[in-house]
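Across the two complexes that follow, subunit A remains constant while its partner is subunit B and subsequently subunit C.
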Partner chain A sequence: MRLLTHNYLISNVKGTKEGYPLQIEAEEVVIEDSPFDQELVTGILPKLNYEAVIGALHQVADKVEPKPADIPEKLPEGEIDTATLEALYHVLFNIHVIEGHLVCPDTGRKFPIKQGIPNMILHEDEI
Partner chain B sequence: MSRPELSGHASIFYNEREARKYNSSSRMVNVQREITLRAIELLLLSPDKASYILDIGCGSGLSGQVLEEKGHIWVGCDVSRDMLQVAHERIDDSFDGNNKNVENDEGSDEVHDPPLSTGDLLHHDMGTGLPFRPATFDACISISALQWLCYSNSASQNPKRRLLRFFSQLYAILKKSARAVLQFYPETAEQAVLISECATAVGFGGGVVVDYPNSTKAKKHYLVLSCDRTSSKQVQQSMPSVEEQTHVSVSAASRKGIDKPIRKKKGIKTKEWIIKKKETQRKRGKSVRPDTKYTARRRPTKF
Partner chain C sequence: MKVKHLESALSSLQREFPNPNVALEQYPTSAHLAARVIAFAAENGDLGRGMSCLDLGCGTGMLTCAAAFLCDVVIAVDCDIEALRVAQENACSIELDDTTNFIQAMVRIGSNSRVAKKGASKRKGTGRGRGQRPPQRNTKEILIEGLSDGIPMKDNCVDTVISNPPFGTKMNEGIDAQFLRSATRLARKAVYSFHKTSTRPFLSKLVAEWGYKLEVAAEMKFDIPQSYKFHKQATKDVKVDLLRVVI
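Right, the complex of A and B next:
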């Protein structure tokens, strides 16, 4: 699971108010390099919840080898330089959570991640 | 073959063996590719921009592969873990660099040639809603999956409620002016009506497009939906709540198949019958001998 996908995921278990952002309890994280695409990142930026990206990055930080380039804690206003965009691209597209859990912030429901695929299946009584 | 939907839950039907078929059978691959290309055509995406697309019932990722070739980013969800496993292996292969490119036999001048997969997978049941933030996706496709929602596999699963839940959440997670194209195989005409009714009940505009309507085999139903946010409020007001609708019996009758009255056989190969049959064959584009005065004439009896 990419951190980009994590940025869009919410929990919709019964009893959640917001269900966002999901906490990541990572056990295994890998980096799969892919070529930087500036248009892609700038296209995504308006929809991105930047705080959630920072939060997710902190949660997986100690499992990521090698360490990704720093991205600013707050999204700078106006024009963003290419180096920042590149770092952001790396964080969003290249960091994959392979094993671990996603935890709903409201109910504490855990969604397991196995082989990079989060299991978001709910039982009929959880809806 | 009988319909797989009747055999139980999708995650049970699409076991490892069935999932492997989807990657090895070239016929299945080609059919899926063709449907996906048609679905993308119906989406009317802006051609110069990469879109963020949700693929519901992505299975082994065949449709995702087509999306990648067109340069889009996608997230696939499926209820079958085994199918996802196959998709996952394919994506892994693409990272390892031994990605065998599928030959593009159809007008492939615009087709991108991505060395890496842009997809991400999710194990999820679409009948229980979609776990995404509102207004996330530029488009949504679904290939041969929607009909599974018309069947219930346990007492707690109500097809209509599941359909409504699915469509209302789909409506929420799509961006303004986004489109969704969902290809499905309805078992009966009622099922197609039920599905499109549920879609319009939550505020979607659009309807069903049928390709090759005269052929039983090649016939394909595409539910093309668009979020028209301006007119949605009135529709939602007139929409009865889910609780009121649950008493509507959905597919109990259509599943068993309504008992047809047994017809008596009487001289079936009459001239009218043969001409009618030839006419239908002609409509399906088959080569049929012209109607002449010899059509349906009896052969001379042997002595």
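Right, the complex of A and C next:
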């Protein structure tokens, strides 16, 4: 699961108020480099919840080797320099949580991540 | 990218479900069809660079991979982890793993659906997918709105949703309408979804009530091959519409 994918996910457990963002408990994280696509990351940034990106990165940081380049705490206004875009691309696309859990911020319900795929299926009594 | 090249690239993918589940109506989408749907969506400006797409009920990932050739971000959702693994491998095999993201989630049907009723009367011609039953009159009432539909993503979170949903022939009546409802809530621009032609009048009314425009983009026959032991015929032709809903 990429941090990009995490940005889309919201908890739908019964009793959830906000349900977003889900917290990440990472057990195994891998880096898979992919070619930097400036146009792609520039286009996608405005559509993401940047605060959730920062939060997600903090939560997985200690499992990420090598340490990724720093990204700004707040999304800069106007045009972003290439070095920052590269760092943002890397965080969003190249960091994969392979094993771990996503945790509903309101109910604490844990959704397992196995081999990179989060299982968000709820039991009947949780909907 | 030319349609024939897209089809050619997709034809190398593993289509078959490892252990097809009758209840989930798992039938693979053909490379031919996937290429054409995606090319059509691109022509309409609903898929392309800078855009995101969700494949709802992705199965072994044929539509997912087709979309991944043209879009920047594809999110593929299915309830079956085995199918998702095949889809993931398929995406890797044609180097589309950068563009594809997989989530296990299940579209739910309402608790008042025929499935839940015990002792429902047996009708002639039903069972094993034979016989055309008209859609249940109160399908509308059992449709689930919002996040309770089982998909853990916000409304209007992707540009386009593509779907080849279950048709609701296996004790899961109404699931096709639910897939369409979930698809329309998740999309910003458009939904492309396959549905039995027999459900067209019913779905047209529903879509209008939801406030969207519906087009029947194509009519075709699904040649569903014998996937299950109980299928007596080698293949079965089912009349199918490709619906395009403009959000």
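Basically, the second predicted complex is superposed on the first by the 127 of 127 C-alpha atoms of A that agree within 3 Å, B and C clash if a C-alpha of one lies under 4 Å from a C-alpha of the other, contacts with A are read in each partner's own complex, and residues count from 1 in each chain.
Criterion: contacts are C-beta pairs under 8 Å (C-beta built on N, C-alpha and C of every residue); 3 or more make two chains touch, one makes a residue touch a chain.
All values derive from a computational prediction rather than experimental measurement.
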| item | value |
| --- | --- |
| When subunit B and subunit C are modelled together on subunit A, clash or fit | clash |
| Partner chain in contact with A:Thr82 - subunit B first, subunit C second, else both or neither | neither |
| Which superposed partner A:Gly43 touches (first subunit B, second subunit C, both, neither) | both |
| A:Gln115 touches, of subunit B and subunit C: first, second, both or neither? | both |
| Footprint overlap on subunit A, comparing subunit B with subunit C | 1-2, 4-5, 8-12, 19-20, 32, 34-35, 37, 39-40, 43-44, 47, 115-122, 127 |
| Residue ranges of subunit A touching subunit B (in the complex, touch as defined) | 1-2, 4-5, 8-12, 19-20, 32, 34-35, 37, 39-40, 43-44, 47, 49, 115-122, 124-127 |
| Complex interface listing, subunit A residues touching subunit C | 1-2, 4-5, 8-12, 19-20, 32, 34-35, 37, 39-40, 43-44, 47, 93, 114-122, 127 |
| Touching residues on subunit C, where the partner in the complex is subunit A | 49-50, 52, 72-73, 75, 79, 81, 84-85, 88, 97-98, 101-106, 108, 147-148, 150-154, 157-158 |
| Residue ranges of subunit B touching subunit A (in the complex, touch as defined) | 49-50, 52, 73, 75, 77, 79, 81, 84-85, 88, 95, 116, 120-125, 128-129, 131-133, 135-136, 154, 156-157, 165, 169 |
